[in-house]
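Below, subunit A partners subunit B and then partners subunit C, in two separate complexes.
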Partner chain A sequence: MDALKHAIDLLSAPTISFTLITVLFPFVFPPGDWFEKIHRKLGFWRIWTKPGLYISLVLITLFFIMGYYDPNFNITLTKPDNFPIILLVYSVVICTWLSMYKAYENDKRMDRGEKPAEYNDPDDKVLVWPDLVYIEFIALIIFMVFLIVWSVLVAAPLEEPANPAATPNPSKAPWYFLGLQEMLVYYDPWLAGVIFPGLIIVGLMAIPYITTSSDNLSGFYSFKERRVGIFLFMYGFLILWIFLIFIGTFFRGPNWNFFGPFEYWDPHKLVPLTNVNLSEYFWVKWIKTGLPSNILLRESIGFISVIIYLGVLPVLLAKYVLNDFLKKVGPVKFSFFVFFGLSMLSLPLKMYLRWMFNLKYIIAIPEWFFNI
Partner chain B sequence: MSKKKSKQTLIERMGNSQIWKSIIRSGIPRTRRQRMHAILGSVFLHLHPARLPKHAVKIGYTWCMGGLSFFLFVVLTITGIMLMFYYRPTVEYAYTDIIDLGEQVPLGIMRELHRWGAHAMVLTVWLHMLRVFMTGSYKPPREFNWGVGVLLMTITLFLSFTGYLLPWDQLAIWAVTVGTNMARATPFLGNEGPGAAMLAIGDINLVHAGSDVRFALLGGRFVGEATLLRFYVLHCIGVPFIAMIFMAVHFWRIRKDGGISGPL
Partner chain C sequence: MSEEKFIPEASVGTPQGKGSGSTMERRSFFKWLSIGWLAFTAATGAFFTVLIRFLFPNVLFEPPQSFKIGYPEEFEIGKVDIRFKKKYNVWIVRNEEGMYALSTVCTHLGCTPNWLDTERKFKCPCHGSGFRATGMNFEGPAPRPLERFAIHLADDGQVIVDKNKNFKFEKGEWGRSESFLKV
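And then the complex of A and B:
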């Protein structure tokens, strides 16, 4: 048991767990034909069958039971404010599975030339009274009972009275913002706390305007019809949002250091801070001249990299990789799509730059609070 | 009394009474016509169309998540109003009032219902968004309503965030401190944001710790008495007011954009 716990602790380190799920992700939600082939060959499609759901639920439950009986994991797991995260894990797994299960069923039907399961004869409608109002009424009662039972059993959390002089360690934002707080490890607050949340909101709102969608493909579950869209959305939602919340809740201890789920939260854990800026890499390590005093000259390499990433890369993509997509949607939609896509990708990119090269900032101008 | 009349159930008699008929004009909805009238004639139910395609009433398709989000908003409004009877948003009383809510007040689970309901609402809103995305329902002609929905999700998070401060315990002030510290770094508008130093007249900085967007949010330089009042007002009146406007648009547009999505 201890060996298993130790293995889980090691695996859950962001460097390993994030890499694993990122590499596996395109084979679970295959965005293209090649991925689809491997997806079939490796049997990942079984995740979206009924046994797939049962096995995932059993595994998650076993993990939580193990945690409940572990003296260290028990502390974080049984915090009343973390209970919604456990609900979140179950409901997101069940809902993702349900949508993919239904999508695969519909894809099969449409392969046979049938209409999706949601299709009805337009003349064959049901009356809202009683067919819908009763369902709503029953759903409300069940949900209200659930909420009352939850409220009776679990007292709402209340810690000691507010004390501005005693900063708890770790200080965590409300759980639904922990994905953003996790981003703070890799980006400065002006990006992780302001620009990225803004881009998430605007980017989500932009989805229907920048895709090549036609209205006759809406209103039913399907994977085949929109596999690239689902792949991108699910990567953002499941990995960059839900998974980071999970990490932030259970794996981030004192000083925001990483701790495996079964590890003791040692406030004295020492993590060497050896992060180096790109400018220091360039001027000090490679050219060996020391940092120039002119700020813009010092950070010129960083500016050039950012301009290449956001300015040149889209042009290259338009020319060589996404030329079909560009033709379909035109240059304006294409630019927005690539900008939002690259912004989303910049988070995992910075994570890996940090993990592999200890890179702190690409552009580091603390004088102007301008660090990327 | 004829044999037929004696078989009339209590409900039927009630339905034929003048009081009932004055409230629900159609009487007990038995016939197709009466049932449609029950929906059209009710100010609450007429959010719905009178008839729906079959897939629209299946929980497997809708997951009920949009409806539950709205239901939770109503639950939170009602429990929130009750909490407001007891809670005073001052540094002196806030924490002790919260303790009293659990220990002294009858039906002492109102705070639990409110807090867990709020967490549940964040979940149901996210899952509603997931469902809408996975069914492709964000596509034209519903693209505007998807945008309204994204804003409603943001508002839900902000509602939950403003409420987080009110118990005035360690969890509350530090979570809100961590959250609002971000505002300090807003480009141009935060005192530690890039570009803020450019907004200066000569040597006088226009954006400093006493005038930036974080100051506006907190009503001070740190999370204190003014913040508590500010978040209380935002939580109880300001944000719900905005939420209700957007919800009205959201529900209206569901109907105007062709009702619930479905394959053609």
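And then the complex of A and C:
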């Protein structure tokens, strides 16, 4: 048991867990034919069958039960603040499974040349009054009962009045902001707190308009029609949002250090995090002169990298990698697609730069509050 | 399987009849529109006036921005003094040459870091930024060092910290004489 806990602790280190999940992801939600082939071969499609759901739920429950009986994990797991996260894990798994299950059923039907299940389903469309309103009303009552029972059974996790001299350690945002807080570890506040949240919302909304299905069919579950769109959305939502919330809840301990779920939260855990800006790497470490006093010259390498990433890379992608996609959707949709895609990719990219090279900022101009 | 598409009752709409003819004339419509619009503007203006007034309280229960913290001998060399963190949001650090006052506001997103004496660093519990006793940022996302406040000796020999003036390292202001008290 201890060996298993130790293994989980090791795996949950962000470098390993994030890499594993990112590498596995395209095989779970295959965006292309090659991934689809391996997805079928390795049996990942079984996740979206009924046994797949049961096994996932049993595994998650076993993980939580194991955590409940562990002295360290028990503390974070039974915190009243973290109860919504446990619900979140279950509800995200069930909802994702349900939509993918229905999508795969429909894909099978369409492969056989039949219409999607919704097409002939008399319950697919109902009258707003009274059918839909009644359903909503009953759902509302059930949810109210649940909230009342919850608030009666579990005392609100209120703490002593705020004291500026004693910041709780770790200091955690409300659970729905923990993804943002995780992003803030790698980016400057104006990027991770303002620009990125805006891009996330607009970008996720733009996906269905950019990766349209083959003949503009809509109104039914399908994976095959929208492989790239679903893959991108799921990566942005499940990994870059839900997974980061999960990490922020259970894996971030004192001083915002990483801790495995079964690890003791040692406030004196020493993690070498000495971070260096790209300009310092270039001028001090490689060229071995001091930092130039001119700010723009000092950060020129950073500016060049950002321009290459956002300006040159899209052109190269259009020419050599995504030329078929460009022909299909046209230059406007393509530009938006690449811009949103590269912005999304910049988060994991910066995470890896931090983990591997201790890179703090690519462009660092604290004089102007401009850091990327 | 039938190819016929099932059409539920909900999607069969009844064509809407034209509404009854308008009896209001153009002139009176514009008259009422202007009155209504003026009333709305006045109400909104009054609301925001009161709202903005609300932002400037009559009394402010704030500690003074400039304050005495005691005699220099009361501060141990090589130690970070956290006594004034709660009331004034400053850390007083004394080294061999003198002393300086550091702001307790993290330069990343404004949380209050903790001084970890064993590791000899300030560590922010929000995103993990770390600062040396000098205030220099060396780990985590903080883009610039902690700010210093003006510090000087009063006539009675006590140390005065003046938070009205701050000194930023990245602007080369730490070299100014006011930012550092030679003892």
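As a working rule, the second predicted complex is superposed on the first by the 340 of 372 C-alpha atoms of A that agree within 3 Å, B and C clash if a C-alpha of one lies under 4 Å from a C-alpha of the other, contacts with A are read in each partner's own complex, and residues count from 1 in each chain.
As a working rule, a contact is a pair of C-beta atoms (placed from the backbone, for glycine too) under 8 Å apart; a residue touches a chain by one contact, two chains touch by 3 or more.
Predicted model only: the values in this text are computed from it and were never measured.
Of the two partner chains, both subunit B and subunit C are touched by A:N120. Of the two partner chains placed by superposition, only subunit B is touched by A:P84; subunit C is not. When both complexes are overlaid on chain A, the residue A:S12 reaches neither subunit B nor subunit C. Of the two partner chains placed by superposition, subunit B and subunit C are both touched by A:V128. In the superposed model, A:D188 makes contact with both subunit B and subunit C. When the two complexes are overlaid on their common chain A, residue A:P168 makes contact with subunit B and with subunit C alike.
In the superposed model, A:N255 makes contact with subunit C only, not with subunit B. When the shared chain is aligned, no partner comes close enough to touch A:S343: not subunit B, not subunit C. When the two complexes are overlaid on their common chain A, residue A:K360 makes contact with subunit C while staying clear of subunit B. On subunit A, the patch touched by subunit B and the patch touched by subunit C overlap at residues 115, 119-120, 122, 124-128, 163-164, 166-168, 171, 181, 188-189, 193, 369.
For subunit A in complex with subunit B, the residues that touch the partner chain are 81, 84, 87-88, 91-92, 95-96, 98-100, 102-103, 115-120, 122, 124-133, 135-136, 139-140, 143-144, 147-148, 150-152, 154-164, 166-168, 171-177, 180-181, 188-190, 192-195, 201, 204-205, 207-209, 211, 213-222, 225-226, 230, 233, 237, 365, 368-370.
Only residues 114-115, 119-122, 124-128, 163-171, 181, 184-189, 193, 254-257, 267-268, 270, 272-275, 360-361, 364, 366-367, 369, 371 of subunit A touch subunit C when the two sit together in their complex. Remark: subunit C residues 1-3, 5-6, 8-11, 85-86, 89, 104, 107-109, 111-114, 116, 118-119, 123-128, 130, 138-141, 143-144, 170-171 touch subunit A in the complex.
Across the interface of their complex, subunit A is touched by residues 29, 32, 35-36, 38-39, 45, 48-57, 59-61, 63-64, 67-68, 71, 75, 91, 95, 98-99, 102, 109, 111-117, 119-120, 122-123, 126-127, 130-131, 133-143, 146-147, 150-151, 154, 157, 160-161, 164, 167-175, 177-179, 181-187, 190, 192-197, 222-224, 260-264 of subunit B.
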